[in-house]
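Across the two complexes that follow, subunit A remains constant while its partner is subunit B and subsequently subunit C.
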Partner chain A sequence: MIGWSGWGLAFRFIVFPGFLFTVVIGLVLTWVDRFVSARVQWRKGPKFYQPFADLVKLFTKQTMVPKGSSKTVFLIAPVIGLTAMCIISVLLFYVNFNPHGSFVGDLIVLVYLFSLPPLGTIIGASASRNPLSAVGASREMTLYFGYELPFLLALVVPVIKSGGAIRLGSLVMAQQAGGPFLYSVSGVIAALIVLASIQAKLGYVPFDIADADQEIMTGVYAEYSGASLIMFRLTKAMMLFLLPLFLITVFWGGFANWWAIPKFLLILLLIILIKNTNPRFQIDQALRFFWFGLGGLGVLAVILAFLNL
Partner chain B sequence: MNKLGRWGLKRSPWVYHIAAASCNNCDIEILELFTPRYDVERFGIVLVGSPRHADVLLVTGVLNRKNLPRVLEVYEQTPKPCAVVGIGTCVCNNHIFRNSYNVVGPYDKYLPMHAYVPGCPPKPEAMIAGILKALGKL
Partner chain C sequence: MSEANRRVIPIGPYHPLQEEPEFFKLIVEGEKVVDLEINIGYNHRGHEFISPTLTYDQVPFLVERICGICSNSHPFAAVLAIEDCAGIKPPPRANYIRSIMQELERIHSHLLWLGLAGHFVGYNTVWMWAWKYREYVLQVFEMITGNRNHYAMNKPGGVRRDIKPEQIPEIEKAMDIVEKKVLMLKNAVLDDPVIRARMEGVGILTSEQAIAYSTTGPTSRGSGIPGDVRHDEPHAAYGLVPWNVVMFTEGDVLAKTKVRLLEMIESVKIIRECLKALPDGPIQTRIEEIPAGEGIGRTEAPRGEVFHYIRSDGSNKPLRHKIRAPSYMNIASNAVAVKGCSIADAALTLAAVDPCYCCTDRMAAFEDGKMKFTWKDLLRLSWGKTERLKQRFR
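Here is the complex of A and B:
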């Protein structure tokens, strides 16, 4: 990261691998998600340009701010998650292609950045003065506290296995030297926990409690329209691209080689199939599942990692 | 509206369903649009839960004194440009309820209607045609 000029930095954040690249790939991936879902439900599914048509349409629509809401916060909230995703994409690509170059503690920075999109939705939904959004925001908050505990426990496993490194570059190098962390008992358990957390971070079906269409009318997004709704959708699309990449970086040997593509598609397919074959949890069930189910498994994975299993 | 915006609007009309005291018959037929048999996601039509996300409002049922302010409020909450499509004969001409004491008259006295789909209930194919025609008039 040191030695980038101003223009180089701007190019990396805005074009590749930052905003534009991640958005285009993410939108294509949301099409894959909708298409596979349609095939699972025995439908034909949308055309490949569907997410782009949605985007163009939402740009032409009016952006409405509800009466009595706090206007500035309401309009700024969607930007928080989008910015975090741009930074994450730059960091992840940099770390994978130059494992020596990143700074100490970037794993912790990434964990914090991944927790910004739910923060943005909570702030925006609370600012919108809609009772359904308020319900959605409180659910999103509870869910966030739920999945963050097993997620952090699972991320302790690669840190232990690499001998106490909290630099993503060191994790990638340790895996290139001694094989991916996934190929061990504790690694498999931890990766499955991270997969469940990804599902919850994306707000996909067993955990789409905060924006449930049928219960609370898309909850946290209920008052958003036009350009501000686009930003939430783009954030979700970018997360669909970046979260599996994060999983590959931390557990499956990094993505600086061609093998990363089938790995990525496999993880994406797993996410979509979990989404299509499960009913929605209630919020208390989800919390219990994450804290007592996956939390216990996480502790087990950490103990196994200490025993070198 | 420019050409690109019109292309986007025609390829991705999101539908919000206002059931203004209908007999539930048209509502069930609307739900049939989203089943695998008709699969309107092929055309980008998606049922959304909030009027803020909608481009097309599907209204069913007779407009009466109780639901008139509510229907108007939902129309005001929808970001423009949006199309309003009347589903069923009740919307077209108040059907068998036209002499009822609480009916306040046809929709086009209060809302800009873009298309009517007659039938009791209309077929899903007719509804798809109605939605696309309404978007053509925007």
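Here is the complex of A and C:
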């Protein structure tokens, strides 16, 4: 990022590949999600502009702040995740197209930035003083602690494989030289763990526990409306674009080539199919699944990676 | 956790869980439900009051509108009560047609429940698929009666429409499809490890509790009580064709699901046997008059036993018409089944009795043996409250 002028930086954050570009692609992807889900469920599904129409509609709605909530926190919370996604988008694109320019520890920065959206939802939901949101927030927190452990363990695998580099650029270069990390036993296991974590980070079935509308009326988002709800929606849409890109960057050789598109679509399809062929976990079942199921697998993957498998 | 951590999680009166007017107050400590308060009565429509103002011919059409899902069970039980009172028997062909209609209704109701159960655990694919297969049953209904719901088949003394010979192969074809799809759904639901994890051991209603709360239908048959009016008191054609009562003993949501899934297979069997044995003859007998006296009608609705009582004074209108729908008892059993569940399980457990609120709501206010409020008083109370609300928000 050295050498960017102020305007260049602003352009990158706001237009490409930051906010605008990611939002537009993300919203199109949510349409893909809705359309494929509809076809799996024998429905017709919406037109491609439906997510945009929803957005416009939400913009015309009033933003309500519940009585007794702390107004500033309630309204700032949705921005946290959105900002994090803009930064991630800039970082990911920069690293993939200029692997030499990446800095030490950017993988850790990315992991932290990816954990900001749940943080934002937890803060916002707790600030709203709604009992359902409070249950949702406690669920979101539990879920976060659940998926973060196997997620981090799985990310150790590519670091080991690239010879101990905690730089995304080194990971991409190592894969360009020696083939994607995915094509090994430990790589497959780790990538599957990351895929499950992605599902949970997106809040998709079977991990839509924090905003389960049949149980706690969309839980964490219960009090949000209008523009503040849009922010959460956009964050989720951007995550739907960025999380698979992250998976490709770390495990599947980066996305600085045309092959990234079919790879991306395959991952997206997998996410949508998992979403549509599973019922929702209970929160303690999800925790057990992540800690004892995937956590154990993660340790196995790390050991296999040490053995060069 | 202590008392201070108790919170109330409201389910209803408007809630995405069940789009019906119910209100469950879940009293929770953290995620655990420690108590449940059931409030119903948002949907009172006064059917028992309207019924004595109508003639016996009109009563089945009224009770049909108690519930859109059980729109064959209620008129069926009502005409059984009227026939019991008049002391007449419908012709055999009418009996078979009544059984066929009742079983078709059971299949469509259970498929509807299965879809909703899928929706409640977040499995929307099961929801959409189950409702798609339900469409075959609705088409059969439309072919026989002209309506997809509110079939208007029953009348005192018989049925109103015949099943024509050319319709029988089509019904059988639809039943083949439905049976295949139900078996497919059964395997999909029962083999899915996550569904099992969500349903097994959840919301257990022991057989003692099931008896104590007088539960009926699949709710009690999932708890090891083989009560089924079709078997215990064979009416219509149920005593004439072979079929089995489905029963499981675990009492959890999975057992209730299994009962419903297997009952659909039994219903297909009953329909096939009835179509095979369908006797020739008239479909209705003429009722000259209904003498003074009383009669009861019981039949097994998809949710359990539906009970109708009719008292006649010899005129052409009932003097009293008492209705007890199965959900009336089943919903109350939630109070014990939900305790100790987590919120996520509570949502599923509340839905597992297949509650029907429009069947359940009833109201009476008596003081010193006299009715406290008449219809006009209630209207006045309602208008007054609306006026006060208007004042407050002005």
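As a convention for this text, the second predicted complex is superposed on the first by the 309 of 309 C-alpha atoms of A that agree within 3 Å, B and C clash if a C-alpha of one lies under 4 Å from a C-alpha of the other, contacts with A are read in each partner's own complex, and residues count from 1 in each chain.
By our rule, a contact is a pair of C-beta atoms (placed from the backbone, for glycine too) under 8 Å apart; a residue touches a chain by one contact, two chains touch by 3 or more.
On a predicted model such as this, the values are computed, not experimentally measured, just so you know.
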Contacts of A:Lys44 with subunit B and subunit C, given as first, second, both or neither: first
Touch check for A:Met217: first (subunit B), second (subunit C), both, or neither? both
Classify the contacts of A:Arg280 with the two partner chains as first (subunit B alone), second (subunit C alone), both, or neither. second
Per the contact definition in the header, classify A:Gly226: touching subunit B only (first), subunit C only (second), both, or neither. first
Could you tell me if A:Val135 is touching subunit B, subunit C, both of them or neither one (first, second, both, neither)? second
On the A-aligned overlay, A:Asp208 touches which partner chain: subunit B = first, subunit C = second, or both, or neither? second
For A:Lys57, decide between first (touching subunit B), second (touching subunit C), both and neither. first
Check the residue A:Lys67 against both partner chains and state whether it touches subunit B (first), subunit C (second), both, or neither. neither
Overlap of subunit C and subunit B interfaces on subunit A (superposed complexes): 41-43, 213-214, 217-218
Show me the residue ranges of subunit A that touch subunit B in the complex, using the header's touch definition. 34, 38, 41-47, 49-50, 53-64, 213-214, 217-218, 221-226, 229
Where on subunit C does subunit A make contact in their complex? 7-9, 15-17, 28, 30-31, 118-129, 132, 192, 194-195, 197-198, 342-347
What does subunit B use to touch subunit A in their complex? 1-2, 4-5, 7-9, 11-12, 36, 39, 41-42, 44, 48-50, 52-53, 55, 77, 79-81
Touching residues of subunit A toward subunit C in the complex: what are they? 37, 40-43, 131-132, 134-135, 138-139, 205-206, 208-209, 212-218, 276-285
